Amino acid sequence: MSESKALAQACYQQLWQNDHASQHLGIEMQQVDEGHACITMSVKQFMLNGHGTCHGGFLFAMADSAFAFACNSDNRPTVASGCSIDFIRPAKADDLLTATAKRLSRGRRTGLYDVEITNSDRQTIAQFRGRAHQVGSHIIDPTTLASGA
Amino acid sequence: MSESKALAQACYQQLWQNDHASQHLGIEMQQVDEGHACITMSVKQFMLNGHGTCHGGFLFAMADSAFAFACNSDNRPTVASGCSIDFIRPAKADDLLTATAKRLSRGRRTGLYDVEITNSDRQTIAQFRGRAHQVGSHIIDPTTLASGA
Amino acid sequence: MSESKALAQACYQQLWQNDHASQHLGIEMQQVDEGHACITMSVKQFMLNGHGTCHGGFLFAMADSAFAFACNSDNRPTVASGCSIDFIRPAKADDLLTATAKRLSRGRRTGLYDVEITNSDRQTIAQFRGRAHQVGSHIIDPTTLASGA
Amino acid sequence: MSESKALAQACYQQLWQNDHASQHLGIEMQQVDEGHACITMSVKQFMLNGHGTCHGGFLFAMADSAFAFACNSDNRPTVASGCSIDFIRPAKADDLLTATAKRLSRGRRTGLYDVEITNSDRQTIAQFRGRAHQVGSHIIDPTTLASGA
C-alpha cells in the first residue's frame, strides 16, 4: 500500500470513530486515498420525504461525508465552507447509492471537491460540489506517524 | 386564520404524514404560511461528525425541510432542483436550531427560496438557497378543499 | 457623514481608479457604506446574447462589482472565492438595472454577501450570493487615514 | 463530420450572429459538438478589476458562453436558470484562457453542465457549474435542416 493511501486510511479511521452522523446513516467506506473517497449507503425508510423519495438532506449528507473523507485524507483537518447540490433524479427506498468524491484543486488552506452520487443502475442521482478550508494542524499526531504506526 | 394560511397548514399536514425524514430529525413546525415556513430542531448525538460538531448534512436536511414546507404551501407539489448552503459557524450537541424559509420569487413552475438557520443565541449557523420546480398538479384534492375542509 | 461611510467611500474611490472592468460596463455608484453598496448599469448593445437578452455574464459582472464594493468597504482587501447566481427574468436592451449588495455575515477573514439585481419596474432580474476572503492588510494606508484624509 | 457535430456547428453559427456579448469579449470557438464546447479568450485591459486581475464577471461571462454553446448544441433553445463559479487562481492581463464545457446530465427540459477555465500553463483558473432549461422548440428551422443544409 502506498504511503499516501495508508495515511488516508488512518485519517478516515480516526474521524470515523467519532463520526456518529456517518455511522447513523449506515455509510460504508469502499475506498479512500489522497483527495479521493468512495462510499456506499442504502436508502432507508427514515430517509424518505413526503413525496416518497429520499429526502434531499440525506443525499446531501451522504455526499458531504464522502467530501469530508476525501478532504481530510492527508492529515490536515478541514471543514466545508460552502456546498451546492443538483438533484438529477430521485432515489427510492432500498436503493444502494454510491458517492464518489474527488479533489478538483487545492490551495494553501482551501480545496474544491466534486462528489457524484449514483444508484446501482449507474444512473446519476445528484452532483455535489464543496469548498473546504483547513481548521487545524493535523488529525493524527505526526510523531505517531513518524514512529511507523 | 386567512385562507392562504389554512391551505399552507393543510398542505404541511398532508406532507408531514409521510415525511419520515423530517420526523426522524425531530423537526417541529412553528409557523407555516404561503411561501414561508419556520421550524425548529435540536442537535442530537447521532448528528455529530468526526469534528464533534453537527454534520453539515443534517444542517442541510433541516434547511431543506423548511424549504419544502415553504414551497409546497400553496397546494402545488414541488421538489428541489438545486440548492447551495454556506456554513457560517458550527452547531453543537443540544443546540436548539431554528430554520426560517421565505420565498424570494416564483415563476410559472419554478421558485427560489432562502433559508436561514440560527441557534438560540440568534447567531447565524448557515445560509441556504434552493430552487424548486413543480412536479404535479396538487397535494390536496381541490374538490376536498372546495367542500369547506 | 459617519466615519464608516467616509471610509467606505474612500475605499471605493481607491479601487475604482484601477477598476477598468466596472468602468467599461458603465457602472455608476449610487450609495456605499460599511458592508453595503448600491450601483446602477444600463444594458448596452454589446451585452446582448444570441437570444437577444442581456448575457448572463454581464448580469453576473454587475452583481460581482456591487459585491466587491460592499466587501472592500472597511479597508480590508478581499476577493471572491465562490459565487452563485439565479436568473429570474431576462433583462433587455436599454434596461436600467440596479444591484444592491448587503453583507449577511462576516468571520475573521471571510464574509458572505447577497446581491439583488432589479430593473426599473422593481422586478427582480437575478439573485446573487458571494463568499469573500481577505487577501491583504489594507486598501488605503491606515496612517493616511489617521492623518485626517 | 458526424451529423451531431454538423448540427452543433450550425446552432453555434446561428446563435453567434446575434451574440454581441461573446463577440465583444473576443471569444473564439475552438470546437463544438453535441453537449460540448471549447472556446478561447484573452484577458484584455478592459477586463481588469481594482486588484489588477481579471474581474470575476468576465471569467463568469466566458464560462457562461461556453455553457451556452454546449447546451444549445442540439437545436433546442435553452437558457441558464442558475450557475455557480469557484475562483481557483487569478487570471492576469494578456493571459490566453480556454473554457471547456461538457454536459453532465440531461432531463426532459433541463440539463447540467460543467465548465473549466484554464490558462496557457494548463492551470485551473475557475470551475463553473450551470443548470439550463429549454425555452422554445428549435434554434434552426428543422425543415431547413431536413432539406440537407
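Before moving on, here are some points about what is shown:
A, B, C and D are the chain letters, set down in written order, and residue numbers restart from 1 in every chain.
The working rule: a residue touches a chain if its C-beta (ideal position, glycine included) is under 8 Å from a C-beta of that chain, and two chains touch if they have at least 3 such contacts.
Here the structure is a predicted model, which is why all the values come from computation and not from measurement.
Counting C-beta pairs in contact, the pair that comes out ahead of the other among C-D and A-D is C-D.
Ranking all chains by how far their C-alpha centres lie from the centre of subunit B, first place goes to D.
Averaged C-alpha coordinates give centres for subunit C and subunit D that are 24 Å from one another.
Note on chain placement: the centre of subunit A and the centre of subunit C lie 35 Å apart, centres being C-alpha means. Each chain gets one centre point, the mean of its Cα atoms, and the points for subunit A and subunit D are 31 Å apart. Looking at subunit D, one finds that residues 81-82, 84, 86, 131 touch two or more other chains. Of all residues in subunit D, only 84, 86, 88-89, 104-105, 107, 112, 124, 127, 129, 131 touch subunit A in the complex they form. Listed in rising order, the residues of subunit B touching subunit D in the complex are 81-82, 84, 110, 131. The residues of subunit C lying in touch with subunit D in their complex are 14-25, 45-52, 55-58, 60-65, 68, 72, 77, 79-87, 90, 135.
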